[in-house]
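Look at the two complexes coming up: chain A is in both, with chain B in one and chain C in the other.
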Partner chain A sequence: MQVKMGIFLCDCGGSLKNIDFPRIGGNLENLEDVAFVDISHNLCLGEGKKAMTSRILTENINRVVIAACSPEFCEGDFAVLLEKLRLNPNLLSLANIREQCSWAHEGDVSAKALALVMMAVDRARLLEPVETKEVAVKNEVLVVGGGFCGMKVSLELSQLGIRTTLMERESTLGGQIRELEGFYGPQREAMIKAVEKAETIEIITSAEVTGVEGKIGDFTVRIKKGKKKILRTFGAIVFATGYKTEVAAGDFPIKPGVNIISQQRLAQLLQAPTPEAKPETIGFIFDLFDENSRFPTLATLNGALAVKQRWGSEVYVFCKNVKVDSEGVEKLYREAREQGVVFFKFDEKPTISADDDRVKIEAKDVLLGEDVTLTCNLVVAEEKFLPSEGTEGLSSLLKIKTDSRGFYQEENVNIYPVSSERKGIFFIGNCRGDLGLGRVLTDIFSVVSRIRELLSPGVVEEVDRVKVDSQKCVACLTCIRVCPHSAAQLVQIDSEKVAADISQLACDRCGICAAVCPAKAIKFEGYSDEQILAQIEAIGAL
Partner chain B sequence: MNGEIIAFCCEHSAYVAADAAGKQGLHCPENLRIIRVPCAGRVDIIHILKAMEEGAAAVLVLGCEDGLCQHLTGNIRARERVNYSEMLLKEVGIDGRRVAMFNLAANAPHKFIQAVNEMNERMKELGEGK
Partner chain C sequence: MKTNKSIVVIGGGIAGITSALELANGGSTVYLIEREAQIGGQAASFCCKATEVCSKCSVCLLPQRLSEVASHPQISILTNSTVTGVSGGLGNFQVEVEQKPQYISPQNCIACGMCVEVCPTTPKAIRPPSPEAVPYSYSIDESQCLRLKGERCNHCREVCPTDAIAFEHKLERQQLNAGAIIVATGFDVFNAREVGCLNYGRYPNVLTGLDLERIFRNQGSLKFSSNGKKPKKVAFIQCVGSRDENHGYCSQVCCKYAIRLARLIIYQNPDTEVTIFYIDLQTAGKGFAEFYKECQESIRFIRGVPIEILEAPSDRVEVRFENISEGRVERENFDLVTLSVGIAPREDSWELAKVLGMNLGDDGFFDTKEPFNSVETNVEGIFLAGACQGPKDIPDSIAHGISAAERAMEVLQRCK
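Here is the complex of A and B:
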């Protein structure tokens, strides 16, 4: 089809005074394929848009070049306008002459503005329409992990009428909240009952995920329950696989046992009937390995308070800093102080030694500036906060990266907080790090709104932007290896030929595959090699 | 072409930072030409070499900060390609310092200006800078 281009220049209400619009217009008018050049004062407003619409219709152009403000502001708006005019929105090329030209320099910048428009014009010539189609999504969600997070998400989703399958590795729901002392105590059984009663929640216990295929809106999940294999499809998957805590034997000079116990063991002791010989003095210690952990702070405060109330022991806490940035922790800390819990702050690692059935902690308190020696009956040691069992296997199965500590989700601002590099797969709660209750709740509500946003229209848009030329493809698997979103796969073209294919729904449009393809078989429409090179040549030609 | 700096800007970070620089009235050299890319990882060696062939004084590849790429590895791949093109340029007798990669965030317009200014200073030293 013969290219017929219309160029719209916008002077942003006459404010871009350092660009000589009539002169640029004059230069552009005589270019090949250009039908007209319009100068407008306000393309983004109703009046400007109206004029633009009628101009596009009467001149019957098939490429639109707009020189205006940053595409960050106007691209979506103009794409919608083009769509209304039955013109493919990909046939639009923008030149950013406001932020990156008029505002970025002093003095007359007409020459640069002209160069930017010429780049957009040369790119526009090579643009091709991009087809969009709607694909139905399955209105059902899989939640993996039946702990606090998983149950809460299922309950919230069931209130929105979204069917949920809640999967748990153990034989009962509850996860870590069965063990934790303090925060969840009374609500725990009520919560499990509510989940079991909800009609839209199906519970599968003693089951594990063994495979996830497909893409957003239509994931096929293989589930193993004992010897039974279940194959199900879901629109989205939420992983709330949680964490585990561990006291490593090598971390302390004496073996954890009777006198030095973990926080989890303390919680178990507190839930059991009160022992006859209550320990008189108890020392808590944390911040030995990781200074960022909120979990030991919370567990220590809860434990210290419970010990005070139930056993009436003397309680001393040794730490670097009490982290009170999670919800409710400041209050707990004050309460602990009021109840008579004594806090010591150390800078250098305290020495711990055992003497008969008593444990001695020696530390230098930074506030007192003095050495503190405490002999106690029981020491409750900090636990390391670690990803739960099976996280590594699951992450390689899903092709999702983990951070240096083995948790899902590095703190990458772009996919943070709950989404992942695979669209439609979410990670929430403590499986992505030591969050504290406040942030766990935030995670739960943000994932619920993301899922609602995703599933409630019933369809997702599939934009056919990244294409593989199966004739050029030599099936070298490079794109499959590099794609960060697991969008590339091999497909059988005919009886002999196999070629790569990019799933448009899973694709997040980074163009890495197009850059690495050794056969140059992948074309990323809008940012294809030809279209980028055309812009470079346009700069070179001036 | 006369002494332009061609900057490939990731639309998640550097392109937004360039916009913000304009908005804040931070001025940069006028010989800068920005090409928007969806991720620094989209920039191929051929793009960098073509820019040099067309007579650009320098080529900049600007991507997200380390570890913060939306596509996880895009900025790392871009840096590898920039290093490789430096080597190729040296082989044909062009100073490798004419190509550079910088990492910056969308909210760091000052870093964007710094990167462009630094490149411009280098060009003054190597010739064709303005």
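Here is the complex of A and C:
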């Protein structure tokens, strides 16, 4: 198609006085492919847009160049305008002659303004339409992990009428919910019953994920249940695979056993009927192995308070920093102190040794500035907060990175807390780090929102921006290796040739593949080598 | 009565913006009500704390969201506006909104700046927006403008190419109908003057964390405005306005911002000595452990919060703190002391609580219906997002904003 370009220059209400608009307009008018040059005072307002619309329609142009303020302010608006006129928004090329030109310099800047517009013109010539189309999504979700998080998400989704398959590795649902029960009240049995009763939730227990293929809206998941292999498709997948805690035998100089117990064991003891011999002195200790976790603080405060109430023991806590940066934890810390729990803070690790059938803790308390020696009947040891069994395997299967502690990494820890680098695959709760119940609940609602947004329209938009020239592709697999979104794959072109293909649905348009392709077979439309070079050459030509 | 599916979001900070976007992308019509002339809230005045690498302070998450909100067809932004009354209930709220006169219409202003050039007052009565402001339009300061003070000046109006200036604008009241309300009114930064012995406001080299954020944001580096000198010895004092007799909570943000700022100061000026005085360091959070470990080499951490700050010779201040291991009070001089001020409930929270019929919790933040359900309130159909419910950092506020939007949509969907 013959390129026919319209150029709109905007003088921002006449305020860009250091640009000679008629002069640069004259220079541009005679360029090849340019149908007209219009000078406007306010392209961004109703009046300006109206004039622009009628010009585009009457002249029947197929490329639009706009020189105005920062694209930050105007690009979205103009793209919408083009779309209304049935012109592909990718056929728009912008030059910022306000912030990056007129405002940035003193004195006449007409030459620079002209250069900027010329760059946009030469780029516009090479632009091609970027088509979007809608692809149907499967209105069904797979939730992996039948603990508190997984069950809660399934229940929330069933409220929205979204069909859910809840998969659990163990033979029963529930996960580590027992630990929550004593302190926070979610009732394990009631929750399991509700999940079982919900018509839209299908439960598969004793099963594991062995493969995930496909892309957002249409994932094919291989599930292994005993010897049986199941193949199912889902629109989205939520991983809620939880965490594990552990007191490693080698962590303490003396073997954990009767008098050094885990926090989990304490919770069990507290749920059992009161023992005959209540431990007189109990020591809690944390920050020995992992100083940067909130979990030990919370477990210790809850445990210490429960012990005080149930057994009336003397309770001492040894730690470095109490992690109070979650809702309500400072209050819990205060309550513990009011109830008579004594806190010692150390900088150097205390020594722990056996003393007959008791345990001796020796520490230097930095607040008292004195050495403290305490002989306890029972020591409740810090548990390491670790990713659950199989996290590593699953992460390599899914090609999702883990963080330095082995937990699933979010796409961007900050922007979309529950999303991952692969669109349509989500991670929630403690499988992505040590969150605590408040933040876990926030995660649950966040993922439900994401899934609703994704599945309720019934379709997702596919933007055809990154293209592989299969003739140039030498199937070196570089793109497949570097793509963080698992969007690149090999496809059979004909009986002889295989080439890379970019799935536009999975693609996040980061451009890495196009940049690294050694054969230059991948084109990122709008920022292709030719388009960028044309802009650079445009300055050179002046 | 038919359920109204539009939703009012009160507060245009990071949490409110996130909620609004989430709702609008989910198909709802959203009214975003902001008291100030621009949306963005507190985070808009914070600085990027990157050194040679990103320190993940999340401040940069705001601008992109701001422009997304500004151009979203389903979000109407009402700036300079406050909620003065609410009636009705879930599915059918009537929200009374009062909008201060906007002498410059954000719809028409193209930010060309010609009005400022002709404004005859000093300082100018017309002010430009900050670089990332949304809406990006100029505003008139009533106390400076000659015309608004009754004189006959009309210069700006004569030059304005888009007729954006309208002096006849009056206070406007309107009623919005909505099915649900999300409250995202944010927080107040703790007023450090309340702690008299730290002498904030009295000595120029005692600043708050917020002051430092603004200095870095506006100047790019840390130096005294009076003599252009860079401080050589800097202290941070943690938990100012957190974890004390009046504040039974941890503000959750101060340890992290202090460590990030300290690292930034050292990065820009490697021979600066930085000391952080603390009670308990809060170093949990994704990736923060490694960051903290790196900082331990360059920053001196001292356990215990200083007792008072006094004047010292040659423009310095003396910090008195307890040396615990020696059991005595130490005195040390610093060029600059930064008070790591915490997050406090907004002073006017109770007014809004009264208007909306919500409860306030012990600490003065809005109360939730039940513990651990941090978005639903005692009023059905009114939800909380962000730090108005309790201290939150930017990522937590974003997550909370999404969460509140989800609850609101879910509840509205269920109501017939």
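In the analysis below, the second predicted complex is superposed on the first by the 499 of 542 C-alpha atoms of A that agree within 3 Å, B and C clash if a C-alpha of one lies under 4 Å from a C-alpha of the other, contacts with A are read in each partner's own complex, and residues count from 1 in each chain.
One rule holds for everything that comes next: contacts are C-beta pairs under 8 Å (C-beta built on N, C-alpha and C of every residue); 3 or more make two chains touch, one makes a residue touch a chain.
The structure presented is a predicted model; accordingly, all values stated were derived computationally and were not measured.
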item: Which partner reaches more residues of chain A (counting touched residues only), chain B or chain C; value: C
item: Chain B versus chain C as contact partner of A:532, first or second or both or neither; value: first
item: Touching partner for A:509 - first (chain B), second (chain C), both, neither; value: first
item: Chain B versus chain C as contact partner of A:384, first or second or both or neither; value: neither
item: Touching partner for A:215 - first (chain B), second (chain C), both, neither; value: neither
item: Chain B versus chain C as contact partner of A:467, first or second or both or neither; value: neither
item: Which of chain B and chain C A:542 touches, first, second, both or neither; value: first
item: First, second, both or neither for A:169, with chain B first and chain C second; value: neither
item: Which of chain B and chain C A:72 touches, first, second, both or neither; value: both
item: Chain C-contacting residues of chain A that also contact chain B; value: 72, 410, 413-415
item: Complex interface listing, chain B residues touching chain A; value: 1, 4, 6, 12, 15-16, 18-23, 25-28, 30, 32-39, 41-44, 46-47, 50-51, 54-56, 64, 67-74, 77, 81, 105
item: Chain A to chain C touching residues, read off their complex; value: 12-16, 41-42, 44-45, 69, 72-73, 76-77, 156, 159-160, 184, 291-294, 321-331, 334, 345, 347, 366-369, 403-405, 407, 409-410, 413-415, 417, 432-434, 437-439, 441-443, 445-446, 448-450, 452-453, 456
item: Complex contact set, residues of chain C against chain A; value: 22, 25-27, 56, 58, 61, 67, 71, 108, 110-114, 136, 160-162, 243, 248-250, 252, 255, 280-290, 292, 303-304, 324-327, 371-375, 390, 394-396, 398-400, 402-403, 405-407, 409-410, 413-414
item: Of all residues in chain A, those that touch chain B in their complex; value: 70-72, 96, 98-106, 109, 112, 115-116, 119, 401, 410-415, 421, 482, 484-485, 508-512, 514-516, 524, 527, 529, 532-533, 535-537, 539-542
